[in-house]
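Naming follows writing order (A, B, C, D, E and F), and every chain is counted from residue 1.
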Amino acid sequence: MKRLLVTGAAGGLGRVMRARMARFAEIIRVSDIADLGVAAAHEELVTCDLGNSEAVMALVDGCDGILHLGGISVEDKFSKILNANLLGLYNLYEAARAHGMPRILFASSNHTVGFYRQDEHIDATAPMRPDGLYGVSKCFGEALARMYFEKFGQETALVRIGSCMERPLNHRMLSTWMSHDDFEAMIDCIFRAPMLGCPVLWGISNNDSRWWDNSHAAYLGWKPRDNAEKFRAELEATVGRPPASSPLALYQGGMFTKDPIFSEKA
Amino acid sequence: MKRLLVTGAAGGLGRVMRARMARFAEIIRVSDIADLGVAAAHEELVTCDLGNSEAVMALVDGCDGILHLGGISVEDKFSKILNANLLGLYNLYEAARAHGMPRILFASSNHTVGFYRQDEHIDATAPMRPDGLYGVSKCFGEALARMYFEKFGQETALVRIGSCMERPLNHRMLSTWMSHDDFEAMIDCIFRAPMLGCPVLWGISNNDSRWWDNSHAAYLGWKPRDNAEKFRAELEATVGRPPASSPLALYQGGMFTKDPIFSEKA
Amino acid sequence: MKRLLVTGAAGGLGRVMRARMARFAEIIRVSDIADLGVAAAHEELVTCDLGNSEAVMALVDGCDGILHLGGISVEDKFSKILNANLLGLYNLYEAARAHGMPRILFASSNHTVGFYRQDEHIDATAPMRPDGLYGVSKCFGEALARMYFEKFGQETALVRIGSCMERPLNHRMLSTWMSHDDFEAMIDCIFRAPMLGCPVLWGISNNDSRWWDNSHAAYLGWKPRDNAEKFRAELEATVGRPPASSPLALYQGGMFTKDPIFSEKA
Amino acid sequence: MKRLLVTGAAGGLGRVMRARMARFAEIIRVSDIADLGVAAAHEELVTCDLGNSEAVMALVDGCDGILHLGGISVEDKFSKILNANLLGLYNLYEAARAHGMPRILFASSNHTVGFYRQDEHIDATAPMRPDGLYGVSKCFGEALARMYFEKFGQETALVRIGSCMERPLNHRMLSTWMSHDDFEAMIDCIFRAPMLGCPVLWGISNNDSRWWDNSHAAYLGWKPRDNAEKFRAELEATVGRPPASSPLALYQGGMFTKDPIFSEKA
Amino acid sequence: MKRLLVTGAAGGLGRVMRARMARFAEIIRVSDIADLGVAAAHEELVTCDLGNSEAVMALVDGCDGILHLGGISVEDKFSKILNANLLGLYNLYEAARAHGMPRILFASSNHTVGFYRQDEHIDATAPMRPDGLYGVSKCFGEALARMYFEKFGQETALVRIGSCMERPLNHRMLSTWMSHDDFEAMIDCIFRAPMLGCPVLWGISNNDSRWWDNSHAAYLGWKPRDNAEKFRAELEATVGRPPASSPLALYQGGMFTKDPIFSEKA
Amino acid sequence: MKRLLVTGAAGGLGRVMRARMARFAEIIRVSDIADLGVAAAHEELVTCDLGNSEAVMALVDGCDGILHLGGISVEDKFSKILNANLLGLYNLYEAARAHGMPRILFASSNHTVGFYRQDEHIDATAPMRPDGLYGVSKCFGEALARMYFEKFGQETALVRIGSCMERPLNHRMLSTWMSHDDFEAMIDCIFRAPMLGCPVLWGISNNDSRWWDNSHAAYLGWKPRDNAEKFRAELEATVGRPPASSPLALYQGGMFTKDPIFSEKA
């Protein structure tokens, strides 16, 4: 690619992936609403509120691909989710449509299906069961992307990220963890594929204790190499196991299923 | 019921159903952002912008049931859809949560699945395939309602209305038509059921040429009596059949699959 | 048929069906552990404990068909269920195997699947979810019958009876009711079929509010004519609707899901 | 339609349908390899061997629709099946492709699935299980039609005819019978539909004892009115029931499952 | 765990697993109706007839987990199966309910599905097809465990053991074999899981020639390491392959599908 | 085996496999319509037109197994496909039926399902969607083999070969490639199995980018060892990736979906 846009690049996952993107394009356009620090030689920094349609239009102009990590990524006030994840996503897709429909990797979430029990094994056709306003916003995002695909041909990978971090932090993440290496490899598969379509992808490593089935998307050739299992012993020794009645043990969405809806007043 | 709220009561479908609601509750609270005319003896009229959270909070207060026909019901600028169908729906569910969780009939739409072909037969588990921004907003609404059901116990019927009007207006409506009588009977089933849950219901009469399967929801005892077939001969004589290549003949969403995304500037 | 055996003929359903069996065979062998009253001209009366293998062997001898209504038909002490529904059923199938394998209608029960919710629609392949010891004994019975079918060719209809009585007695029975006429018609279909196999049949009338799908068994040509819906108005006026949180509203098995396991000591 | 081609018009079913086709088009082109008798005012008679590609090319020229009943319709020597049902069908589709792709109703057969048991209920996605060379030729025909649909857009209805005759002749036909009226109504639905696609349709009346599910094709609006059940009493009185071990009682294909493969020498 | 109960510890599999249990709990309560030999330092020996409810009540008292290998494990007289596998299992679950519902691993069997053909690939939702009285008793056990789970919250792993032994003894066991190491690892996964639920697990190693799909239970993190394939060459050299018509080649249950029902008289 | 017949042994794949067959039988009967060169010590050479029934009858006589690679293996004139793949296959199965029903490996093709998109993941039950006359002829072959299995017990493996060659030649073959080693191992599994049945097998190596699911056939113990992924880097460097709109990127059948139907005149 000539130019890859990375949104949400100042966020937790964004910072990690930003550092790994150089090999994917000549120029990495790095964006966030927050401070992005200093640009590397191959980087363009753009501060941008996703809720601002003109800003987003400019942001996307000239890009061949978009790694969309931007937006609110936890439960929050609806006004914030609405601006970044609903209006912001619409702005992004309209901008993409206006600028040649660069391929998009959309960071969706396992919280679109958070109310499935942990003893259920599901695939990408399982009906949505979001566990909060954040999860609902990702259901919206997947529906929007699907519509742009069928109506205009815009390709998107809908990546339902589990827990993409250095290592699992609690017992539930033995199932939901995705290593940074595996995510980087997935990004490669998504942008190299001659034909992407608009698939749902479960963003997890090759964990022994997995709940989600990616076999429908084998055509992309993504084969995660890591396995959260290697952290089990240490994790059980330090963090321990949740009680059987905890949302961390019962639901795929974990604590999100119990998180409150945040008041606008607060 | 003591008091039933009807939103969108100044709209096309809203006016018809308003006139039939007297038997469902002692008081019918009738609401819209547009003019509602004169109140009948059993009616309370409330002008309300669904995007105004305080107004919606007051609107719902004291109601035992909600027939939610309000919001934008065709393709339109995203800013309008966002206010009425995204923010507005959030406001409605927060208000319901604050006021005893009255049962809700949510007017969803067949445009959540508009990109299925007309030679496909689907049921309520078919993955969403919305055909425009309006359809996407209804996907959002269904996801939001589902989340409030699983997280808080709020019951909603997600009624994917086909074409609820006096009679079918074109060939596609031989499949999608729902008579006003059948809709009224459905409303009765939904509010009388001891346990509703959060089902998807296809809002169509007992049409010979149907695409959608309601058998999963037979527990509600709804049995539509009308059949668009009786209009076929006259319809074919006056309106004729669409050409095979027309969206009216190809897609379940009909012309919506080809409607433009409306510019905010226009 | 020359001789049809009816077990459990002194029970509630047994008494009703006994009076309707004359047309099915020249001789009706009527059996129960309880008093059977006076034999009609076409009847043979046999008092029999199903747990007594020799008695059951004699009971079955000479019969061309068996309507097996016998055994415990509600939640009870396990010792009683074990004798009549486990040992008793084994005795019955061994006797049938020894005497030409007369076709059997086995009165199974909806309590094999009582823990499905009332807003679930299931068919005969749904995994078992029994709601008590009685339900478990019927799961055993279906498994036993299936084994005799596959191993020896013994044909059985596994009829999961809903609520076979004069009329629905509570709101749940608007879904589970089967009229006596419809059951009689089903018996006819089962014994007249050239090839029966070993199907599961849901024993319900053509109720609007049904949960169960019999389409897999249409080959038998059974078409129930009655519909519990006609009792709704009167039932709601007299008995009323259960609260949403009642097992009568939540689970297909109704109150059985909450019934205690009876102590052997009591 | 201007001109409808009916092939196989001298066959059993062909003669009956020929007499009912006048209302479907201005001109009915009637064809067979056998004698066709005298032409009615609206008819063109064409004697044609389906295995002759030039003759078939001329036969199709000028037609707006094709009711393809021609070919071998029972088990026969493979050389005959090969000429009429394999080569003949290829000739027909090449001719259609050369002449504007008139819509085709292809008379396929239940013998494509003859080895399913009669206690199995199947739909159009069930894998093929043909019961003889004739059934295999119909599998070929369905595959060929499907290919012309996907590759060129040629629309075909793949009608798996059960037993289309005056009345059921044996017990199995209580399940497989289709009345001539219902077939005529189906032909109307197929040719009137704005968009047909390439569906499989089970050609049976609304028989109580059916094995096949047409719900996927409800979009065509075909609703059979007849029911073989009305013939049961008389049929059982005259023809009787087959023994349980007879192919007539065991397999959907009936005796075809036991028919020999005919020797080329005979 | 503080105390783990192992039933059936004098049986073939019981003896092997007994020797491996020390690491799972401080105290292993070892039980059987047969002689148990000498207790190890960490063991309590209890002779117990599972059919004796008071003895079983005492047996379970004080245990945190139960590895239930007890009962009849091959085809036998029904009276013996009834005592140990039907009454015995009821006694065990009532005792568990009375004593804090310790988690149970129930040794079910592949003979619950023995009549599937070896060229069928099934998962845990496949309807039961038991191959004898023993298999039927395991269907009963699974239904009973499911009921205690749904009604009382009692967790059980329903392990359908294939052939758990030193090495495969015949050709069929290339598919059904489970190594002792893999079973031990499975026991670990079952008792360590924060939330178990009531899953069916196929008890087989990672055999190349497997028939059963465990992917639904991946959440437990069990990953068998052994593979019967390594024994193929030697097995084919010594034992050979069964003829194609042998139950050993045809049915998943192997010879059990042909085993007689044992006479009570013998 | 005593004698294995290899048809199509002068073709591309045939020459490779011929050289590997010595270990499978004492005598390899090698056949083609084209020149077969010089016989090895263990070989019998037979020139044979598959369309000649007497020649095929003699060809099969005395064989214990058949590796049927013969026939037309690309799109061609229908007259040639008809002779070799339709008539020829019938001749082969009639010859097998006359000579003890030796087990057959039938080289079917992925072009039976060529119109599935590359982002679809399918298994052996997916309805046929052939992409040309060649693909249709393989649908015929599978139907014919299935009929001989159900009617006469003739066992066949229906191997839908992807791209069996030295190495992948284009991007699509990263999904469809099967190494010669893996095919040889599959042949071994098919002929060694005590019971084969009539399964569909997808003929691909263990490619990361696969579209097809072979899990239903795990009972044969075939476990491909190669993976086209190792050729990706070089392939992308030399051949490159197809454009997104190319049939090579869109359809499982690749260019076959666009190949013309060859004129008989040419």
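Keep this in mind: a residue touches a chain if its C-beta (ideal position, glycine included) is under 8 Å from a C-beta of that chain, and two chains touch if they have at least 3 such contacts.
Just so it is clear, the structure is predicted and the values come from calculations on it, not from any experiment.
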- Item | Interface sides of chain E and chain F: same vs different residues, half threshold | different
- Item | Between chain A and chain F, centroid-to-centroid distance (C-alpha), Å | 42
- Message: Suppose each chain is reduced to the average of its Cα coordinates; what separation in Å results between chain C and chain E?
- Response: 31
- Per the centroid of Cα atoms for each chain, what is the distance between chain D and chain E, given in Å? 53
- At which residue positions does chain A touch at least two other chains? none
- Query: Among all the chains shown, which pairs meet the touch rule set out at the top?
  - Reply: A-B, A-E, A-F, B-C, B-D, C-D, C-E, D-F, E-F
- Residues on chain D engaged by chain C in the complex (per definition of touch): 117-121, 171, 174-175, 207-211, 213, 229, 232, 236, 241-244, 246, 248-250
- Message: Under the stated contact criterion, what part of chain E meets chain A in this complex?
- Response: 155, 192, 194-197, 199, 215-223
- chain E contacts chain C in the complex at 53, 78, 82, 86-87, 90, 94, 97, 112, 115, 125, 127-133, 135-136, 139-140, 142-144, 146-147, 150-151, 257, 261, 264
